[in-house]
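Report on the following structure.
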Amino acid sequence: MSKVFDYAEVAKHNTAESCWVVLYGNVYDVTNFIPEHPGGSKVILQLAGTDATEEYDPIHPPGILEENLKPEAKLGTIDPDTLPSAEKSPVETGEAVQEGPVDLENLLNLDEIEEVATKQISHKAWAYYFSAADDLGSKNFNNQVYRQILLRPRVFVDCVKCDTSTSFLGHNVKLPIYVSPAAMARLAHPDGEHGIAQACERYGAMHLISQNASMTPEQIVADATPGQVFGWQLYVQNERHKSEAMLARINKLPAIKYICLTLDAPVPGKRELDEKSKNVASNLPTPSSVQGSGSVSTTSTDAKTPAAPKAMGMGQSLFWGTAADLTWKTTLPWLAEHTDLPIVLKGLQTHEDAYLASLHAPQVKAIILSNHGGRALDTAPPAVHTLLEIRKYCPEVLDRVEVWVDGGIKRGTDVVKALCLGARGVGIGRGALYGLGAGGTEGVARVLEILKAETETCMRLLGVERVDQLGMQYINTRAVERDIYDGPAALERPSLWAMAKAKL
Amino acid sequence: MSKVFDYAEVAKHNTAESCWVVLYGNVYDVTNFIPEHPGGSKVILQLAGTDATEEYDPIHPPGILEENLKPEAKLGTIDPDTLPSAEKSPVETGEAVQEGPVDLENLLNLDEIEEVATKQISHKAWAYYFSAADDLGSKNFNNQVYRQILLRPRVFVDCVKCDTSTSFLGHNVKLPIYVSPAAMARLAHPDGEHGIAQACERYGAMHLISQNASMTPEQIVADATPGQVFGWQLYVQNERHKSEAMLARINKLPAIKYICLTLDAPVPGKRELDEKSKNVASNLPTPSSVQGSGSVSTTSTDAKTPAAPKAMGMGQSLFWGTAADLTWKTTLPWLAEHTDLPIVLKGLQTHEDAYLASLHAPQVKAIILSNHGGRALDTAPPAVHTLLEIRKYCPEVLDRVEVWVDGGIKRGTDVVKALCLGARGVGIGRGALYGLGAGGTEGVARVLEILKAETETCMRLLGVERVDQLGMQYINTRAVERDIYDGPAALERPSLWAMAKAKL
Amino acid sequence: MSKVFDYAEVAKHNTAESCWVVLYGNVYDVTNFIPEHPGGSKVILQLAGTDATEEYDPIHPPGILEENLKPEAKLGTIDPDTLPSAEKSPVETGEAVQEGPVDLENLLNLDEIEEVATKQISHKAWAYYFSAADDLGSKNFNNQVYRQILLRPRVFVDCVKCDTSTSFLGHNVKLPIYVSPAAMARLAHPDGEHGIAQACERYGAMHLISQNASMTPEQIVADATPGQVFGWQLYVQNERHKSEAMLARINKLPAIKYICLTLDAPVPGKRELDEKSKNVASNLPTPSSVQGSGSVSTTSTDAKTPAAPKAMGMGQSLFWGTAADLTWKTTLPWLAEHTDLPIVLKGLQTHEDAYLASLHAPQVKAIILSNHGGRALDTAPPAVHTLLEIRKYCPEVLDRVEVWVDGGIKRGTDVVKALCLGARGVGIGRGALYGLGAGGTEGVARVLEILKAETETCMRLLGVERVDQLGMQYINTRAVERDIYDGPAALERPSLWAMAKAKL
Amino acid sequence: MSKVFDYAEVAKHNTAESCWVVLYGNVYDVTNFIPEHPGGSKVILQLAGTDATEEYDPIHPPGILEENLKPEAKLGTIDPDTLPSAEKSPVETGEAVQEGPVDLENLLNLDEIEEVATKQISHKAWAYYFSAADDLGSKNFNNQVYRQILLRPRVFVDCVKCDTSTSFLGHNVKLPIYVSPAAMARLAHPDGEHGIAQACERYGAMHLISQNASMTPEQIVADATPGQVFGWQLYVQNERHKSEAMLARINKLPAIKYICLTLDAPVPGKRELDEKSKNVASNLPTPSSVQGSGSVSTTSTDAKTPAAPKAMGMGQSLFWGTAADLTWKTTLPWLAEHTDLPIVLKGLQTHEDAYLASLHAPQVKAIILSNHGGRALDTAPPAVHTLLEIRKYCPEVLDRVEVWVDGGIKRGTDVVKALCLGARGVGIGRGALYGLGAGGTEGVARVLEILKAETETCMRLLGVERVDQLGMQYINTRAVERDIYDGPAALERPSLWAMAKAKL
């Protein structure tokens, strides 16, 4: 029988030399784990000697504790009567501020849902979701570029029927809209990724699960219906065996139909809002992303696994351990060794890379044009630019692989424009998380309901019945096309391909 | 002799099982009508057991009650002494807030008139008039695109004379400006559509009557002078016999010179402001446009007459029953069976459709380039774009049919620019309604007075005496022309026409 | 000896039937003059029975009273002791609000001078100066278009010397900057146009006198130094004999070197701010410019001298009587009959008209590209556009006549850019009036001092010593050139000229 | 032994006739120096009879006093007990307002550092640093033009290694970022230019020392490490012997590797904010830059050494004595006589001048494209424009000389974009000064730390390991290229070069 501790006893172990924490009623000695914590040592030390459950729970999937701590680290249980009454303010705890039930039907568009979610969720969660690289230029442009495109409605067309169904990689879905991989859903709502999956089921939408989900893949797909389509996002780890173990786990889940390899964020972008949010929670100054590269030293140029910084934003801590050494030549064969699932490459931002990816069909079955929601590199091009580049310089890509896009989608008209440009589907990241924040599973469902209805209205008013009928004749892209890249690679196509293939 | 009821007795029948209302002093049992109400059941149930006259009157033309209720539904009359004193606030009733007489002569432009009308009319009416699709992008761009065009005044031209008269379909008018079909004028002012007609008469302007007018066509044209020109707007109903009956009625009114078939809104646009305004009036959450397409089901893709949603914005309720299955092949012949009047097609937004329409001359005598005031599909092109497309790809259209435009006109310079581009006339929708809201018939007259004076000043300063002298040499459209569509249809013109004709 | 009246006696004659006013201590019976007043009857009736000197003085040059009233209208003098003490607020009187002496040296640019003048002068004067047509689009664009042009400074050039002197029509001046004709200078400051002339003298700048000056030409040029250069602006009157009389008067003033015929405002533009300012002064609703064209009638299309409206903005009242029937064929020969002075044509806004004007050299020696400070027709092109049009389509114009520009100049860099584009000089209108408002003669001098210094700094930093060295190699106009007109006349140049000459 | 004075005695000598001041505890009679003071007589007279140390110290390097005053001007020392207690407010003294220690690690980007520095430093210092010519158009555009350029990240590239090292003129540095010459660092912080040098040492960055530094070159480089790279900026003086003496001094400092000759500001720009800041300090009206060119006189066009104005902004006073007569033909040979160091020409703004400079290799080894931080001529082109011009019209320049750029750099992405365009390095001016203001040496280090980290992140996300791999294929400049100059020189290249060479 396990030992029972008084809170006063736990509270004494609040240093790096002896660091205890209470989690889910158990008392752990995490002293030895401090230097290994992916999120940095500082965040643990801030909670040393306290009940850390509220901080820990929404950002760690079950099982992580057991994976990382040796059995002897568990010292016993806490006497609940000795726990101090919870007096932390919502801001301190980083917990959601519930303002009473939200009437989702009164929220008519994704901006309104974001507005409500912003009030409902904790500042820390909001900062993590809302943040993007540097000055948020790409994040904002991702959306605005859709507004630069005009629609061309045809009239006198029977538009009684309207069918938004399509397929991804041969799997039928009811919507050309899918949920993009976005981390830490339980920060927004306890329903978490499972709730997203449930909402997707209701609308026949595909769900691409984040590797950094706050629930395990098994939990997320637990209630999947037959025919429901999932993908799983992979960030390859420096410790490849960890990634291999995850792939083995995923291979056993038949609901997951493909592996999506994220390429647009081999190192974390600079999300200042996310970094700053830690300060709000802790009232302590924290070393920032900037310090990661520190003063001039040789370590920053050749250290394969840099020491984790003392503390950092959530976005950075999630990146800890992610491999930055992936290449066309080495990574795809390695993947083929560990899974037979088709590969989707996420984060392509140039027509050159789209072309290179297309040379890897059929292992690669789809590519996702994405700048990581503007979170990786500010002033990176929006997917619309890359799509127009592909149409201009190597349209054959569209025949060889499916092209999906994400970033900036807020309206059904945005969805339709992307499809007209040749995208097979569009991903929604923040939208789904804000839906979750606004109303849990029902909030995500509301997001999908709104986008589906807007997409149908747009298709009908264009005079289009099926998504496969959408095409360039339904949009006017003049205002965007004059901004598309026409630099050296484009001008010297043969040498481009030579150069490009040299990288293979 | 009819029975006389106490209000207390009426008030008991306030449920879906037994629903009575008082209208114009009569008591009706509308229980059986609830599921058939085009505006949805909810709005009736909110008024169940009350005197609904104030709500009902401004949005229903006379005769509708008798058309829809069986004689036995009229139970008797109300004892007026038993009616509760009116305590509803203007916001609750949706009625106009009168702020004393407006000095119209101090209102110098359409923006000032809109500003005054916004204060004068009810929030609900304002929301209905002001609203447009999604983010109001097309609504705003409709106006701004005129500001992108520069004028080219010629000097040393005798400009003493200035004549704004022209003709539509061979009928002489004094102004190239007409009033566009806009619904529910009595929401703005009791003078309603009759008042608009009177103001048009004073300035020799054409009036195109909305099918959703709050007065009957007969009432509206009642005081027409010889030579006054009207058109009548048709939304074809799913129940074609209703449309046929209306056409038969219109055929009997000699003041009405043509039928204008609206094509740009086969399904309602998403006007969130309008939807939300119901909430203001009722303080109750209401299902929105989004719910109309509901969760995934086969009904949304093939149901020809979907069940009316429980409640909706005014814009949506007006659309209830409108046919979405019109086509070039079937609808024009059907129209020819039911009227000999010339046909004007409203809502064309591409040069392809303009070209197709021109192939239907002489039955089709004019087309109206319009995006429905930005109320149907957001980011649809403004009429100026479509006009420039026609000039570029199929200028012969301008010889075959008259081309009218609407959307965004606020200044005489806008009128002149549209005429220079080749439009025969320009329609004013919201402007006339705001005029009505600001001052009834006199307010509409003030709108026409302002636009006429501004148009004359502009013509004089350009050095132009007659509207038929206006042309492309008087405007600089460089800033707009670089944004005009030049996509596949335009590039492959023969196949375009093949494709286009295939739709006929 | 003249009769002396008590104020109480005068006060009784305050109706249209018997209307007396006191002016400069004299009592006049103006009853018969009321219908003839160019400014409308209303403004007189508002002052009937009072001492109108404060209202009358700043907007009427001396001598006007005697010209318009018969001797017997002067009834006598007022007993000053009977005059009520002045209790009118500055707003009521329309007089300037003096806020103590302004330290002009602390005002570093024209915006700061405008800011101070706006506080110093009456609202009515400000509204008249500040106002422009419709939505002020052209007024603002006049300035912004200069900011679209980039400079190209050359380095390693000896810039110790810098000489801003040039010549207009062969007359040497020290500055390429002149004061444009702007009406009613005494509204801003008692120094009036004479003060402007004095300031111009100090900086060797040319002064182009407005026909609507608040002082007589003789007064304005009274203290001219030898070599000082003046022009005189002519608005041809419907009553030609009045214009002929003025020309005869001007011909006698050797300081005036040319006649500037204004062509860009044959009818007044719509200056809403100016119209509204009357309301502020009178607290009475006033008929507006819009009413001028009234309801539909034949009079508006053929009346050569429409009845003056009851009341109007200052801008409109100044236009009263101006001829709208000028033509190339008739007006220039008529002018030649009445003056031997060279003619400068002001208000050209297209390259076609610039070309036509150049065909009238040598009678026409210069043209002024101007849209009347944005006061005539909103969205008319700025002078920079017209200058680029000329350079593109008919650069020979620059050889045949001098090309001056005005509108939007606020900085020395603007001056230099206009000269680089080929302008011989640039006119300052509002800037001079604001200078006058800020500090009388010294304020105008400060405006010229600032612009001269900024122009010199710009020339030096470009590496240019003399204004004749400025040229297209010193500016980058890419952002403007893509907006220049390239419509039909430009494309079909031969037919353009045919058409153009047909107008001669 | 020197005489000791009471403050009361000093205070009597407060006029132009007898003017004493206390500096660092000594009493000086500066009466004879007043007319020679580069900063004007007024600023001295304002301090006459007082202890001027606080005003004098931060803007004068040591040794200046001795250079300019004869020994006998030093009268003795002040009795410190007689000095009045310091009662001046920070605003009066122009001294920095210290608000407690700044946590530099919480400042995540250069905007935040500017914000903190703005609060920390005196208004006068802020106005001097922040100010730019006229309306700050070029200053702002310098930064915005980088935002118009999109990046093109490549994926599937091993980005573990990242090396920002490069070389300038053959000298190795760790960063492609250097500190631009910016005057008067001690206004921001007592660490001054020495602090900047120390921070540069820590990050291996080059430091280009301003001629107008508030410390001597010897002091600045005093603690330089071997391999640390400095340049020294020269403003040639009208009194050439002074410049020659400085060059002789610089030649003796081995840490200084080159002479940077500034060409973009032969006369001071108009920095209104800087001018106005004097008023804040003195509460006295001061003649402005405008007065410098005064009324029309021959002196302004041929006076080689105009009399110093009575008072002026700091920017102007620093320019006093600077030669405006430099030329390609005379200045470079003169320089060759006085130094063997390589020459860097700063302030080129056209491809013509870049080409001319390249003809002077190898004496000229690098050019700096710069518009002086927008401080010289407003609407001058940003370095990005000039770089694109060079690429378009004379790319051979990039082979002949190193091209450096400055102006507008705020982000690592800006640095990378400049390098992609062909720049070898980018200079940071205001950024370093704001860093100094925010935290002295540590603040400058923080600025470099941030920029280095951002640059690395950007390079990694582009998939680039070394700076020499950056090129046009990594950026999309369409939005900028359409604005690049394509005027006469570019079109007629042979004659351009003829003309250009004629200037040599």
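Each chain gets a letter, A, B, C and D, in the order it is written, and its residues are counted from 1.
Rule of thumb we're sticking to: a residue touches a chain if its C-beta (ideal position, glycine included) is under 8 Å from a C-beta of that chain, and two chains touch if they have at least 3 such contacts.
Computed from a predicted structure; not experimentally measured.
Q: Which chains are in contact with both chain A and chain D?
A: none
Q: Rounded to the nearest 5 degrees, how far is chain B rotated relative to chain C when their C-alpha atoms are superposed?
A: 90
Q: Could the interface between the copies chain C and chain D be described as same, meaning over half of its residue numbers are common to both, or is it different?
A: Different residues, largely: of all residue numbers at this interface, under half are found in both copies.
Q: Between chain A and chain B, what is the gap in Å from one C-alpha centre to the other?
A: Distance between chain centres, rounded to whole Å: 45 Å.
Q: Just the number, please: Cα centre separation of chain A and chain C in whole Å.
A: That gives a centre separation of 63 Å.
Q: For chain D, jot down the residues that touch at least 2 other chains.
A: Residues 482.
Q: Of all residues in chain A, which touch chain B in the complex?
A: Listed in rising order, the residues of chain A that touch chain B are 103, 105-106, 108-109, 147, 149-163, 174, 202-204, 411, 413, 449-450, 452-454, 456-458, 460-462, 471-473, 475-479, 482.
Q: Per the contact definition, I'd like the list of chain D residues that touch chain C in the complex.
A: Chain D reaches chain C through residues 134-135, 137, 263-270, 272, 275-276, 279, 285-296, 300-304, 324-328, 331, 345, 347-350, 352-353, 356, 371, 376-381, 385, 482-489, 503.
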